[in-house]
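In the two complexes that follow, chain A is the common piece, with chain B as its partner first and chain C second.
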Partner chain A sequence: MNNIATQRIKREFKEVIKSEELAKCSIKVDLIGDSYTELKGEIAGPPDTPYEGGTFFLEIKVPETYPFNPPKVRFMTKIWHPNISSVTGAICLDILKDQWAAAMTLRTVLLSLQALMAAAEPDDPQDAVVAKQYKEYPEIFAKTASHWTNVYAGGPNKNSDFDTKIQRLIDMGIERDQARGALSTYNWDLERATEQLFS
Partner chain B sequence: MSEYDDEDMEYSDQDDYEDYYNADRDVMSPPHNPDAEYFPVQCLTVDEVEKFLNELVEQLCTSIHVTPSMSKVLLYENKWAVQEVLWKYNEDPDKLFVASRMKTLQPVTVKTIRDKFVCPVCVGPVAEELGITSLACGHCYCDNCWRCHFENKIKQGVSTELSCMALNCELLVPEEIVLSTVNKPILRKKYQHFAFREYIKSHPLLRFCPGANCTAVIKSKESLAKKAICTQCETSFCFKCGNDYHAPTDCATIKKWITKCADDSETSNYIAANTKDCPKCNIFIEKNGGCNHMQCLSCKFDFCWMCMGDWKAHGTEYYDCSKYRENPQNGSESARAREALKKYLHYYERWENHSKSLQLEKQTLDKIKERINSKVMTSKGTWIDWQYLLDSATLLAKCRYTLQYTYPYAYYMDNGPKKELFEYQQAKLEAEIENLSWKIERAETTDRGDLENQMDIAEKRRATMLQDFFHI
Partner chain C sequence: MLSLIDPRFECSICLNCLKNPMLTRCGHRFCSECITTWLKRKSQICPIDLLPLTIEGLFPDNYTKREIDEQKVACLNTGCDVTIPLLEADQHYASCGFNKNQINGLSDNLCPFHLIGCKDTIKDKNELSNHLVMSVHRHITLLTKSHIDFMNKFQIRDGARSKALEATQMWDADKDPNSEKALLCNLYERIVVLEQSNIEKDKDIERLNQKNAIKDKDIEQLSQMVNNLIVKFEQSQNAMLLITCNGVYIWRFENFMESLKSMREKPLQTQYYTPGFYTSSAGYKVCGRINMSTDNRNLSLFIHMMRGDYDDTLIWPFSGHITLSLIHPTNPTQNICLKMQSSAESEAFRRCSFGSIGNEVLSLNPRAFGYTEFVAIDEVLQNGFVKNDSIVIKIIVECI
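Moving on, here comes the complex of A and B:
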């Protein structure tokens, strides 16, 4: 890893640790190993969103050419959001692509991701299924996202109706995450989800 | 007012439709301009283009006080319109520089205390021998970071769009700063090469020839959707959008259509078959010429390749085959989707079919050349005597080309009188083209006068179509 990249990451790591956001427990960064090429990010779900109360972990990989090229960031915690793949955690955000600027830092990236969680951009989707639900059935979307936050990110809102439906599919021999994925995709229509899973 | 103009006005009135159809004016009246498609262009070499662009750069430099490098940014950002730049400069130079991404309204105040400066990118103390540079925006970075930034972007193919490193700062980096910072010869060369290409692309009157392996640059006097021909490689293309020439369809529509065809290629694959069975005796027929008027060698049935219907029903009155009839009954979502696919396939099939016919007619042209050659060898006239046959084949290709490009146009048209008129003219053109094709394939037994008459009719139909529907 080149000198500038290492220097920058060391500095940015300190920046996050000293930041007021860390004091408020809203963002955090941990080093993985001591090479400064891989880090683990942490974002608190923003208030007044379905992600509130959840903690989301991120995989951050720092390229050799950092900061002239953006870091590679992915959600490790499963999340239901139009701009984040519900399967792989891949993120669609301009600053992680062509709008990246060398003067940006890990802190600004994490804060931008938090802002993205609070205000999705369904017209530039990463997950087409989620984006469609977000636009057409906003209430179902909010419930689904809140349910995912509860299950995967430690959020507070249990949804017993959804749990019952998932259990029905599990009883039919479907794996839990797969059952949740199918039901989320078909707006919790048990019949259509079953049809799709067994076709 | 000419007779033509009178009738021209009539067809805006829906009630007079039938009269219009029967008047047959489109064949009888001459088009306004006999060669409306003529488009003069110049074919330049790379050196000639460089000279041409440099002259514009100098022209601007001598009129206002900017460096050649700044002048390039100004021209690149303002589509190389020197006069317009000068005019804007005289109005309000600051406004021009801001709009051209060379200045910001509120530049950051630069702290010049060198000892205390920490470069925001490398976040370290700046070495004694290194400079600290900012663009007009005032965002300061050490020269080492600037160099890394430039090199990284050049490797990704960025040149004229190279900008400041600050977040949301769009200020462009002028060429002289890039070249004075980057010293690796390969990257310098790459940068200059990319920048030159971008300058050409940003000039509305210059176009790279799309021909394979052709380095020529085509220059015109106007940026119009007309047919440009490269004199180096003979490739022809639409000057405005660079696609194959597409009259009467406009640039935006042809782009939509090409994208659609690429997206839907799987569903329409089944059309590809070049063989069909005779609708009457079911014998297997291979299409070997461009003509869609087929004759089964076995039962002598004359039929249309497109719809497999009896040719006699097409030939004279209304060549119905080119017109798609929408099914008025609208049902469920899937029925509508099926109907939409059917509509698309109708137009696509005809588009594809004429494209194939065009390719087959290239072979016909070669055959005609051979035939003429053998006639000349056996002293049955000279090349001059048989030239009309070659001319007819060339004209046929031209007409069929236009016909092919009427289908995307029709596909995107709204239903109504304009579409009806369009499809009426399209049908007429198609009928005359098939007649011409049929006659050319049987040229030895066709009377020369008859053939030349048919050429005349077909070309007039084509000219009318373009004149009425291709407004550029």
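Moving on, here comes the complex of A and C:
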């Protein structure tokens, strides 16, 4: 790996480690192995959002051309959010694409992601299904996002109504995550989800 | 193992100490290499504030460069008490003999002086400290030896050059070769400063030019307004004259010969009128008319009553004297002057009513009063009434 990228990441590590956000346990970066090309990020769900109380893990890949090109970032923790793919965890955020600037750091990227979680941009969606629900049924969206946070990110809000519906599909032989995905997509309408799964 | 850098000296791209600092138009500093790489790769914007930026918008920041050159830091490794220039800090840490990573890592547990011939191996930090204390004498001997070796090599390679240098210094003691370099350096810095101030000046000039253009436009508009006002003023002055002339109108008939020609071609039909004028302020409005008589030998001269602004307040029919004169330009005794009395019976002195068959444009009484044969045209032409292609007719209308 080219020297400037490694040097940069090493220096950034110090920055993230000494920063205030770490003290508040809101963001964190860890090494994976000895190379500085693959890192693990961690973001706490921002307060007053459906993601509150959850911990979200990120896969960060640092290209050789860093910091002249942005790092490749993806959610490893499943999340229900208009700008993040509910299937792959791919993120739609301008600074990770054409709006990247060399003065940005891993810390600013993680903080931007945290801000994105607090303020979604449904008009520039990564996941069209989620974005549609966000716009048309904001209450169902909030409940779904909170439920996903509970299941995948260790959030506090258990939703027994949703759990019952998922169990019904599991009883029909559907895999758990698939059942949750279908129900979330069809606004927890059990009939429509069933219809889609078996059609 | 990384040194702490004053944020002022940190490049936001490599997060390292600024190397050959460049200052952007928008006031940010980066290493020369970092910012040029960025500008070549990505869209042309500043990495910090995202304002447009090109290579031309970069200037070497020699002030900061000097400041950084003066910075010294102490090595943070225990046991090493070296003070190093800030810029060389990373280089030093990479090879510092007291570096923990180096001792525990894969550097073969060698004494830091192995490069100059110490063959001892060291197991841990404590043993290293002991070794360094115990072997000071040996290390100094090795250092001196390698120094002498180095100097010898250098002299053999650069012998010729150093002799030449010596010679110059002997022959021309005042001319220090370093001063030329210093001079160049100074000149370069001066050029950069001048270029910067030049750019600022250019901007100033551009601003002034823009201001000037706006002013020019204003002036143009103002002079247009003044011209319009002058025209309006002249028009209203003429109109005033027609009201305040007290029934005396001097008719300077210009371009007479050509007008005469067209009058002769169509006698009676080609007629020339004076503008309407008033017998007094708030008086009767009248105008004069000239044309050729039917036999095409005499000039006819008439008065028409016109529709005026004060007709309601006046007594009708008009009653008064009318004097028509053709003025001789040089000899007043030759003036042709005819005076008439209005007659109550004549249609011509009645009030001009709307919708009459008369000339709509002039809105005058179609019946005129005057002389069909006022003067023979031959007399006008032969007796010198025409001067500068014009004749002068004086019309006086007085009320009784």
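Quick notes on this one:
As a convention for this text, the second predicted complex is superposed on the first by the 199 of 199 C-alpha atoms of A that agree within 3 Å, B and C clash if a C-alpha of one lies under 4 Å from a C-alpha of the other, contacts with A are read in each partner's own complex, and residues count from 1 in each chain.
We take it that a contact is a pair of C-beta atoms (placed from the backbone, for glycine too) under 8 Å apart; a residue touches a chain by one contact, two chains touch by 3 or more.
Small disclaimer: the values here were computed from a predicted structure and weren't measured.
After superposition on chain A, the partners chain B and chain C are seen to clash. By the document's definition of touching, neither partner reaches A:87: not chain B, not chain C. When chain A is checked against chain B and against chain C, the one touching more of its residues turns out to be C.
By the touch criterion stated above, A:7 is placed in contact with chain B and with chain C alike.
Of the two partner chains placed by superposition, only chain B is touched by A:108; chain C is not.
Of the two partner chains placed by the overlay, neither chain B nor chain C lies in contact with A:128.
Two complexes overlaid on chain A leave one chain B stretch from 132-140, 204-212, 366-374 or 420-428 clashing with chain C, and it is 132-140. Note: residues 4, 7-8, 11, 65, 67-69, 101-104 of chain A belong to the chain B contact set and to the chain C contact set alike, using the contact criterion stated above. Remark: chain A residues 3-4, 7-8, 11, 65, 67-69, 101-104, 108 touch chain B in the complex. If you check the complex, the residues on chain C that touch chain A are 2, 12-16, 34, 37-38, 41-43, 45-48, 50, 90. Across the interface of their complex, chain A is touched by residues 120-124, 139, 141, 145, 148-149, 152-153, 165-169 of chain B.
For chain A in complex with chain C, the touching residues are 4, 7-8, 10-12, 14-15, 65, 67-69, 98-105.
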